[in-house]
Structure formats: C-alpha cells, structure tokens
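These are the structures, in structure tokens.
In the two complexes below, chain A is the common chain; its partner is chain B in one and chain C in the other.
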Partner chain A sequence: MSILIDRRKFLQTSALTAAAAASGTMAAPSILRAQSAGVKIGLLAPVSGALAYSGQQGRLGAQLAVDEINAAGGIKSMNGAKLDPVLGDAQSTPDGGNAEVEKMNSAGVSAIVGGFASGICLATTQTAARYDLPYIVDVGVTDSIVTRGLKNTFRFGPGFGVITKAAIENLITINNNANKPAKTVMIVHEDSAFGAGLAKLLNTALPAGGFEILDTIAHPTPTRDFNNVVLKIKAANPDIVIPANYYNEYVLLARTMQQQKVRPKAAIYSVLGGAASSYKFVKEFNEAAQYIMDCNHWFDPRNAKALELKKKVEAAGQFFTYEVYLNYSCVLLLADAIERAKSADRAAITAALASSTFANHIMPYGPTKFVDGQNTGAAPANTQIIGNDIQVILPEAFASAKPVFPLPPA
Partner chain B sequence: MTTLMNRGFLSIVIVVALLACVPFLTASNSVLNFLVTGLLLTLAGQGWNVLGGYGGQYSFGHAAFFGTGAYATAILQVRYGFNAWPAFAIGIAAGAAVGAIIGAMTFRSGLRGSYFALVTLAFAEVLRIVASVAPFTGAGTGTLIKLNVGAQAMQFQSRAAFYWMILALVAIALVVTRLIEQSRFGAWLVAVRENQDAARALGVDVTRVKLGAMTVSAALAAAAGCFYAQYFLFIDSGIAYGTWISVEALLAPIIGGIGTVFGPLLGAMMIKVLGEAAKHLIGDAPGLDLVLYGMVLILIVAFAPRGIAGIVAQVQGWLTPKKGKPHG
Partner chain C sequence: MHLTILIPAILNGLLTGAVYALIALGLTLVYGVLHIINFAHGAMLTAALFAAFFMHKLLGLDPYIAVFILSPAFFALGYALQRFVIGPAAHGSDSNILLVTLGLSVVIENAMLHFFRADTRTIDVPYGFSVVPVAGAYLSVPRLVGFGVAVLVAVLLWALLTRSDTGKAIRAVAKEKLGAELSGIDVSHIYAVTFGLGAACVAIAACLLIPTYYVNPHVGTGFVLVAFTIVVLGGMGSIPGALIGGLFVGVVESLCGLYLGESLGQIGIFLMFILVLLFRPSGLMGERA
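Our next item is the complex of A and B:
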C-alpha cells in the first residue's frame, strides 16, 4: 500500500510539475526571456530530431553573427541596440517549426531567420506571413518557398532552379573537358520536398544535357540501411551516381558504397549533397569521401573574413559546414536591414530587406537584389574533396583546384 | 434534454463549454496553437479509441486514414479547384472509405490481435511510399495549399477560429463516442472486445460490428488529417502517412484511458503538456526534453496502465470505499 501511495504521490507530483511548467511556458512563451531593450530576432533551427546536426550547426552560425554584431556595438542607427536572439527548436517537423513561430511572434520578435528544411520553411514562412513577420530562409531550397507571393519571405541563398542549372552546366563542362567519359547517371534522393524536387528537376535537365538516367531511387529520412540501394547501383553500373539527401543518409550511402566496393567510373557527383561539402565527412570518413564532387552552398574561399570565421568555428571544435555560414550570412543580412530601417518595426524591416543591396559578405555571390523574395545574386559553387581538404573547382573565378575527373583507378 | 443529460452528455457539454471559453481568457496565439495541436491529437486519438478502446482492435496504422483525409482535402483544392469546405467533407468520407476497405479486407480474412496491428501498419506504410512517389500527391515535394486567408477558404486569420473549429470536431467526436457507448452497437463492440467468439455465439455479427467501428474510427482520424492540411497548408508523405501520427493516435487514449470517452482528450493534453513542460524544464539543451518526455511517458504507462481516467476512477473508489472495489 505504501508503495502504491508513493507511486500515486509521484504521479501527482510529476503531473503537477508538468502542468505548472507548461502553464509557465504558455504564460511566458518567450523561450529565452530577454530583459534588454534590444531588437529581438527569432533564430529557428531543427536542433533536435532527424535534422538535429544541421540545426545545431545553423544555430551556431547565427549565434556567431549575433555575437559579432553585438560586440561591434549593435545596431548603430538605433543607438547601439543589441540583437537579442530568441531561440526556437523546430524539432525537424513543420508543426514543430510552426509552434515556435507562434511563440516567437508572441515574444515580439522583429524578424525570424532559419527553418533549414524546405518542408519546415514552407510551413513557418506562411505562419510568419500571418503576422507580417519578416522571415529569412537560411537554407530551404525548394523554389515554391519564394514563389507563393509571400511579402515577408526572403531567401539569401540560391534555390533549386539556380543550383540545378549550375550543377548540370558544370557537370557538362567537367565531362566535356575530360572528353566525355561519362554517359549514364543514377540518382539516389531522399523523398521529402528537397530530394524529390531535385530529382524531378534532374530528370528533366540531365537527358537534355546528353546523359541517360538509368534509375532514380527514393528513400525516406531517416534511412539506416543502404545495402539494397547500393546493390541496385552495382547492378546498373552507372558512370555517375548523384546523391541528394541529408547528412546522415549521405554518409551512410557513401560508406556502404565503399564497403561493397561500388565505385562509379566517372564520379559521385552530388547536388546539394548533405555531406559532400562537409569537413566533418572529410575528417571522419576520409577514404569514402575521396574525390566526391558537389554543387552546393559554399563560402568565398578568397574572402579573409570567411577564412577568419572558419578558423573561429574550427577553434571551437566545430566543423565549418554550409549551415554555419549561411545562417551567419542571413543574420548579417537581417542586421543590415535593421540598420537601414532604423527601427525594429516589422514592416520597415521587410521594406529594407526587399530593397537590400547587402555587400561585403562571405558568400561567392553577385550583387544582392531581391526579386519576389529571392536573392538573384545567389549562386552555388562546385567543390571536390581532394585529400584532407575541400577544394572549389568551379566557377573558375573562385577555383582553388582543377577537377579530378574521371576517378583515378582504385 | 433531461434524458440526454442523464445519459452522460452533460459532462461533454461542460467540458466543451469550458474549453470554448479559452480564447476569451487568453489572446496568446502560442497558447491557442498549443491547444489546437492538442485537440488535433485528441481527434485522431478518439478515432483510434473507438476501434481500439471499445472494439479491442489495436491498429498501428491510423496514419492511413489521417493521411487520406489530409491528401484528399489538399489535392481536391489544389488540383481540382474545390472549395475547402466540401473538400474537407470529402476528405473525411475518403478516410472513412479507406477504413471500410482496409477493414473489409482484414476482418473478412479473420485477422486479429497483433496480425491486425501489423497489417494496418503495412497499409499505412504502403500508402506513404505510394504518396512519396506518385505525381498525383506531389510525390516527395508534397502538396502545398495556397495561402488564401478567408472563411470561404477555411483559412482563418485568427487562431481562435481554428481553435473553435477543431473543438467543434472534437465535440462531435465525443458525442459520437458517447452515443456508441450507450447504443446497442456499442454493447456489441464491447462484447467483441471482451470475447469475440462468445459474442459471435450470442448472435453478434462480429465482422459487421468491427467494420462499422473501423469506418467511424477512420472518419474521425481522417477529420484530424483534413484539419491538419487546412491548418498547416502543407503536407508530404512523411507528415500525412508517417508513423508519428499512428503512434500518437494510440498513445493519447492509452495514456488518457483506453475505452473511455474522455481518455483521448486527457491523454492528448497530457502528451502535449509533458512535451512543453519537458522543453521548459530542460531549457536550451536540444533533444534532452524528448528524453525526459519519454521517461515520464514510460513511468505513466508503467504505473497507471488504465491511464489517467483509470487513476481518476481509482481515486473516486478510494473516496467512496463502501461501494466496493472500483472498476476504473
């Protein structure tokens, strides 16, 4: 009986604690309760769930930018008002992201940066639009994010259309320069908005570029076994394998290919490959990563500020992944808009973003110009993992190495 | 009316009326959003409860109905230009039809217990895979309902309107459950749950009863799916047919009290409150809130196998000891 009472007490206590805590959360939804008179900005990232690694990297980049701006005296046109980040975890789901946007709106943020995955961004930007809350998408590459006519939504980086076009043009260039050793392609993609959208575009554009697509394989995120996929690749024996998936799946696919000794003749050529432009991948799975090419977000390797940031991130024991510098850049873009808006007012910031000519950033982009929320100056870069480093191979203006194509004999 | 009240509807009226007052007490959209997601889960959970709680048929695949409702309402609007209101109604009907079809196939084959659970799970997975590749559903890119705020498009500017809408759906689900509970059909259903062979021996048409419960159950889960699509305006195969909703739909009644009218409501709110509380207590340590949440869930299930409703009944039993041992 005493055990029963103890259990009952425990349940009562835990239920009361939970209820009290939850009501506290509901009453004061600002996740980080800010006391200063700074400009509140929402930093939304999927820091838990299937996309946790990317989310944490994104948060790191955004926070570094906030720290840098605040250390340099905050928003000067607002008497040095500091940026006050309100952190949110989208839990890798659209409804998780949506709930955080609601909380951020209640907390009175002036703008939101982040979202990461396309599915999350589609939901969160719409929710933010209800409150005329300016929203800068950090990564989310699906084109429909900026084609819905949402006035509050901006994307600094390139979308699918631009990236795929560049990827295909660059692949053709690389193949032509090497006397066309590659003719057949196989696509392995994750089945949500990002991977499937990309596969669809590749299926249209690659045949037009002279490649034959042998097969297109979809898989969910997360997927924990790629043996069957790799067996299919082995059977089809394509010249090029194009993976389009998030980090964990990308690594697993590459490792499984290595384990089964499946090596395409010409290349593993990724488009927005989750790991192909990741220093973490290069360090942890160096052998599996060798010569993998990617067309992806990349920083300007000639930019001193970019290299300085890279050093800072690496000194903190983290990898300098695209989530880091994209979020970093997006927060700087927002700070620039707030500076020009001279106000924390949402409408003023939206107007300032729409007319932004944000320059002196660390990305290899053309001049910043937003058309329907998309930065038309945004462009990807082609990289290749060579040895212990990631080299830029195209565009030539930024290149730090020549492409190794086709693959050297094993 | 008095008869109705006497028959257990008064409690539903009181609970729904109290919940309906919430938007007058708070203007916070984050609170309303929290409650909307809780009620959404309640609706799906109530669907599961009709079949699993009263009928003893444990489905692991309610995502099949949730997803069908969500996709039907979204696709009808996006591809065929339907108005959101009839699309919503058709979505519920489509979910119910899928329930009836799956039910007919499984029950007529005599599948019970874990076999039934596995088959429902398989149906949901098959639908997820089909939805992830079929161009009709937008394949992996999903289906995006255009933002068009206005009551005619069932897209309300105010979260309170969405809240009342989902509350109305939950109220209907509660009434339907109570009606089932007090009807002859409900008695047959419970008889099937307790001992299917004995029920058949007593003249209950077991297959038909289970099929009826499955259809109602699927319609409620589909209503939740339709609402999800309308609320978030974006669905893909992982959201619509993902295992998350199958699991949450069964967790809510199990935690709240299986085979009780208010069990799914209590359970869904408990799940949501726990999630928020865990997040609040842990603060800024990604993922740790989910660990705490999981641990508390395990403890509740271990120490209160009849759910919160069971605890309430037990406490009532202690307060009135002369009436004998409580039955939960």
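Our next item is the complex of A and C:
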C-alpha cells in the first residue's frame, strides 16, 4: 500500500512540476502545501496512451483554473480554503479511469472533473455514482452519459445530439444564405462510434435538407494513407466534403486533398472535426486548412477573459485547444458550486451543481441550467479557418466573421 | 471501377509498399540471423522519426541529408543495444531476448511520451506537396524518392550479404552458429552488426517517411504490425522476399481499401497472411526448413 501512495505522490509531484515548468504560472511552494486543509478535487485526464495529447491539454486547462482560484483567495465561503487537486491518469481506457476514481475516492476528494473520452466518462461517472461523488464531465459528448439517471453526473458542454443538430441546421442556413450553391455531399468518417454514428445521422438529416449524398466512406483509426479516399472524392466531385475523424487522419486527409489538387466546389465542412478548428493545424498546414468550416466546442471570441486565457496558454507554448478551455470552465463551475455549498460535503456540492446558474464563463452558451445533469444552455459554435486565424461564423450572437461560402476560386 | 482510379491506386500501393518493405528489411535481417523477433523495432522507428524531426526542427537539416547522419548513428545505437543490453540480458535464451526487446520497446516509447508529450508533429519541407503526373495520377515526389531509396537499400543489403566478407560471416552465423564460431567468426560482433543494420534500415525509413507523415510516440506500432506480416509473407530472413512482400502488401492494402472500403483494407493483408501460412509456411521466398 505504501508503494502505491508513494507512486501516486511521485506522479502527482512530477506532474505538477511539469505543469509548472510548462505554464510558468505556478509557484513552487504550492506543491509543498498539498497537505493543507483545502478542498480536494480530482482532476482526471487520459495523460498517457492513445488520447495522451488531449489528456495533457485537459489537465493544463484544469490546472490553470485551480491556480487562478487559489491565487484569488480560494473558496471564500470556506475561509479561503484552497482547491487541492488530486491528479489522475485515465490511461486512455475506461478501466484506467475507474481505477483512478477509486483512488480519488479513497483520497477523499469532494468532486471529480474530467474523463475526456465518451467511453471513459461512461465508466467513471458510474463508478463515482457508487460513492455519491459529484462528477463533472469535461468533454465526453455521447448522449447516454447524461441519460442514465445518474444524480452525481453533470456535463457543462453540449452533447452529440445538440452538436449534430446545430451542425446540420447551420450548414443548411449557410447554404441558403448563399443562394444554395451546394447540392451534393460526400462524407468521410472514421469507423468507431463517433464517426459512424455521425455518418448515420447525416445520411438521414442531409437529404431532408435538400442535399444529395454521393458517397459515405469509412476508414479506420489510424489510417496511414488517404490517396484512395481522395481519388474517390475526385471521381465523384461533390460540392461539399464532410470529414468526421480524429486529428492525425484529418490532417492527412486535408494534406492529401491539397496534394492531389482536389478541392470541393463549396466547402469542407466538419462536425467535431479532429483538426478543423485546431490552431496547430492552421499554423502547420495553413494552405491546406484555408476556409475549412467546423461545428465544434469553441470559446466565446468576444469574451475578454477567454482571450486573456488564450494568451496565457499560448505564452506557455501550448495550443489553445477545446480540452483546455472546457476543463478550465468545468473547474470554475465546480468552484462556484463549492462556494455556494459552503462545504466540501459531496451531497451539498451535488445539490449546488444541480441548481447552478454559473455565469460569467468564457463559453458561447446560453444561461446555465442543469436538467438531468446536462447543461441546457450548452451549444457548439461554427468556425471557419480564414487566413491565420479561426473565426466564429455562427451563432451570430458570438460571430467574429462572415462565412466564406462557397469557396473562392482557386 | 474506373481505370482513372485503379491505376493511381496501384501506383500508390507500390509507393506505400516500398516503405513497408524497408521497415520489414530490418526486421527480417535480425530474424534471419539472430532468430529473434525484435519487438523494439516499432519503438526504434518512432525514435528515428523523432530524431529526423528534431534534426529538421533544431538544426534545419533536410531529412534527405539527415539520413547520412542518422543511419550511421542508428547503426551504432543498434550495435550497442545488442552488444551491451540485449545480448548480455538474454543469457543465451531466445525467449529472454523476446522479453528484453519487448521491455525495450515499452521503455523507449514511454521515455518519448515523457520527453516529447503525445503531441503529433510534422515537418514542412519545400517539396512536401510536389507531385509528378504519371499515367493520370499525381504521384507525390517524397513518396517516389522513398520508393527509389527503399529499392536501392534492398539491393545494397542483398549485395552486402552475398558479396562482402561481413555478409558471408552474417550468413554463416545465421546458418550454423557453432560452426561459424569455430571458424574464427566473432559471433557476438556479427550479432551486433546485424542488429545495427536493422536499426540503420529503420533510420532510413524514418527519413523517407517524415516529409509526408507525422510522428508521435505511438506511430511506430502501426507500421511494425504490417512489417511482421511482410517478413512472414516474404520468408523469414529473405531480403528479396521482404522487398517483394512489401510491395505486394502495399498494393493489396490499396486495392482492398478501394474495393472493400478503408475499414476493411487491411483484411486483404491478413487473409493473404493466413493463406501463406497454410500453403507455404516458409514464405514466398523463404528456404524450406
């Protein structure tokens, strides 16, 4: 047992040190303060394994929020008690996530934030429910996460159903506003639950919206070569290409399209596109990325606090990805609940989360209101890569640019 | 399916297959001589990709120039690994070697994860997007270079094995270890040289891949699974077998992807693999046991 604790402490300390070194924002003494009478919160992220990049980004965001709250005097209703993060690595698997929830529970955390992948969140929320441990899902978009009646589970961001519905409606709006230049669509999707589920939804919703679907191509993750897929796109010559896959495949597909000189007439339009709203992609493959649209998690570009956080993350040499600001927001949501609960008691925090009206956050959402654990104010945003930046084109209340649609001639 | 798609698909398959072949060459050489399956091959490929990446990023060296530094460096690294880590740790038992290489792969991959994070990285070279029109297809210049170099390396390796003294010693050790030792061949040196050659192949493959591909700490695994198939398909330890097997697997993967969908693209490879195991267990070019 002592070995386990030592290992965890070691991991915790080294991770904290790494985070401090990376962000340059955290003072060293706070590591030593880990034993103080603060409120312990579990920060769960898959920082190793296949999802490690997302996990590390998520941990960064959560850590930034914890630092910010502690620097501003901690939880005021509890005499300035500090948030004391207990870091966990879900190892990119549901089992790994569950093991960490067990450990966090025995470490006496008051709540957990994180999980990232839907598969992990489905498992970890359930394990946390056994201990009546409030759990805030950071990303996990699968709708069933919040429809199983778990009283401890909350999701601040939008789920799959909301995102795809908005994506399809927005595509139809954008096309109608431009006098319907696009009629045909081709879908390229990865073949697990996310991509295949999306392709199925698109195949029913888009024909109803007046689009003809020429072909739907599935591919595995990882796929090493997209030449065949691009050849098929070239032969079918669709007006719109809709990719639904993860970062590496998305970039390879976009690069191959550029290389093979294949360019749809109207747009590349993604839904939760792996790279389509990633600053990394924009920076590294600017030409291949031009005018790509995406419907995804996004921050409010008109919010000064969001822009300040973005600057901070970029100054630390990291990209401002959705994992960062979603985890950041979720920790702030939790801190707000603890503030109102005036206690580290799990049941009190759960009740405070359920009645949360968390405002002044950095997301382009409507008023926060939790129904069965889902924030009904949550919504995705439509983005487009224009020049060196990613602009929000819809919803109009948050837009920073007008859509470029159809594509300008090459 | 139109010829306008079919011909480019076959050409693409050949280009992909050549790089598979190069990775398989290193694996087959090590298997043929040392009779061990090098589980660290994928991790070494990842390490080489990172090395090529940082050579470009920090020193501004083009991967096609870096290859002349990296392949000797990886040869030395492979030599040292076999001579000072794998050899001594194995205590003469093959199953130990298996475990040692497996352990090495875990150590290398996690060390890279620790130092470089799980970030996917790519480099941007001026010729990265250049293409040559061939028979109605746009063939990527870096992939064509990859094809040429892979074939060249296979020919050179084959010449080395059949013509040079070191090559003869390697073949002698592979055939009859004790006999070779009695004839004055330094067996542990030859083992290490072979392992070094395998590592050098991986370094060359990395330099050919990086202009059009990406690197992250897990990237090697996907290639090595295919390389294992090629080694068995071509015949364990056979250089021409690895080359032909690699090209064949590339084309099969490409055509299966085209006709059955990308998700089922790899089914062709493994179907073929099973058929070969059933009807020609020693592989296409392998010597009969």
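Going forward, the second predicted complex is superposed on the first by the 376 of 410 C-alpha atoms of A that agree within 3 Å, B and C clash if a C-alpha of one lies under 4 Å from a C-alpha of the other, contacts with A are read in each partner's own complex, and residues count from 1 in each chain.
By definition in this document, contacts are C-beta pairs under 8 Å (C-beta built on N, C-alpha and C of every residue); 3 or more make two chains touch, one makes a residue touch a chain.
This is a predicted model, so every value here is computed, not measured.
Contact with both chain B and chain C is seen for A:A52 once the two complexes are overlaid on the shared chain. Of the two partner chains placed around the shared chain by superposition, neither chain B nor chain C is touched by A:N176. After overlaying the two complexes on the shared chain, residue contacts for A:Q258 are found with chain C alone; chain B is out of touch. When both complexes are overlaid on chain A, the residue A:D191 reaches chain B and chain C alike.
Looking at the shared chain after the overlay, A:V229 reaches chain C, while chain B stays out of its contact range. Once the two complexes are laid over each other on the shared chain, residue contacts for A:K103 go to chain B alone; chain C is not touched. When the two complexes are overlaid on their common chain A, residue A:A199 makes contact with chain B while staying clear of chain C.
Counting residues of chain A touched by each partner, chain B versus chain C, the larger count belongs to B. In the superposed model, A:P220 lies in contact with both chain B and chain C. Within chain A, the residues touching chain B in one complex and chain C in the other are 48, 52, 55-56, 191, 218, 220. Interface residues of chain B, counted against chain A in their complex, comprise 26, 28-31, 33-34, 37, 128, 132-133, 139-142, 144, 146-147, 149, 157, 159, 228, 232-234, 236-239, 244, 270, 272-274, 276-281, 284, 286-287, 289-290, 296, 299-300, 303-304, 311.
On chain A, the positions that touch chain C within their shared complex are 48, 50-53, 55-56, 191, 217-220, 222-225, 227-229, 231-232, 235, 247-248, 251-252, 255, 258-261, 284-285.
The residues of chain C lying in touch with chain A in their complex are 2, 4-5, 8-9, 12, 16, 110, 113, 117-120, 122, 124, 129, 131, 138, 140, 212-214, 216-218, 222-223, 254, 257-258, 261-263, 265-266. In the complex of the two chains, the chain A residues touching chain B come out as 7-8, 10-11, 14-15, 17-22, 24-26, 29, 31-32, 47-49, 52, 55-56, 87, 89, 93-95, 98-99, 102-103, 105-106, 119, 122-123, 126, 129-130, 142, 144, 148, 150, 189-193, 195-197, 199-200, 218, 220-221.
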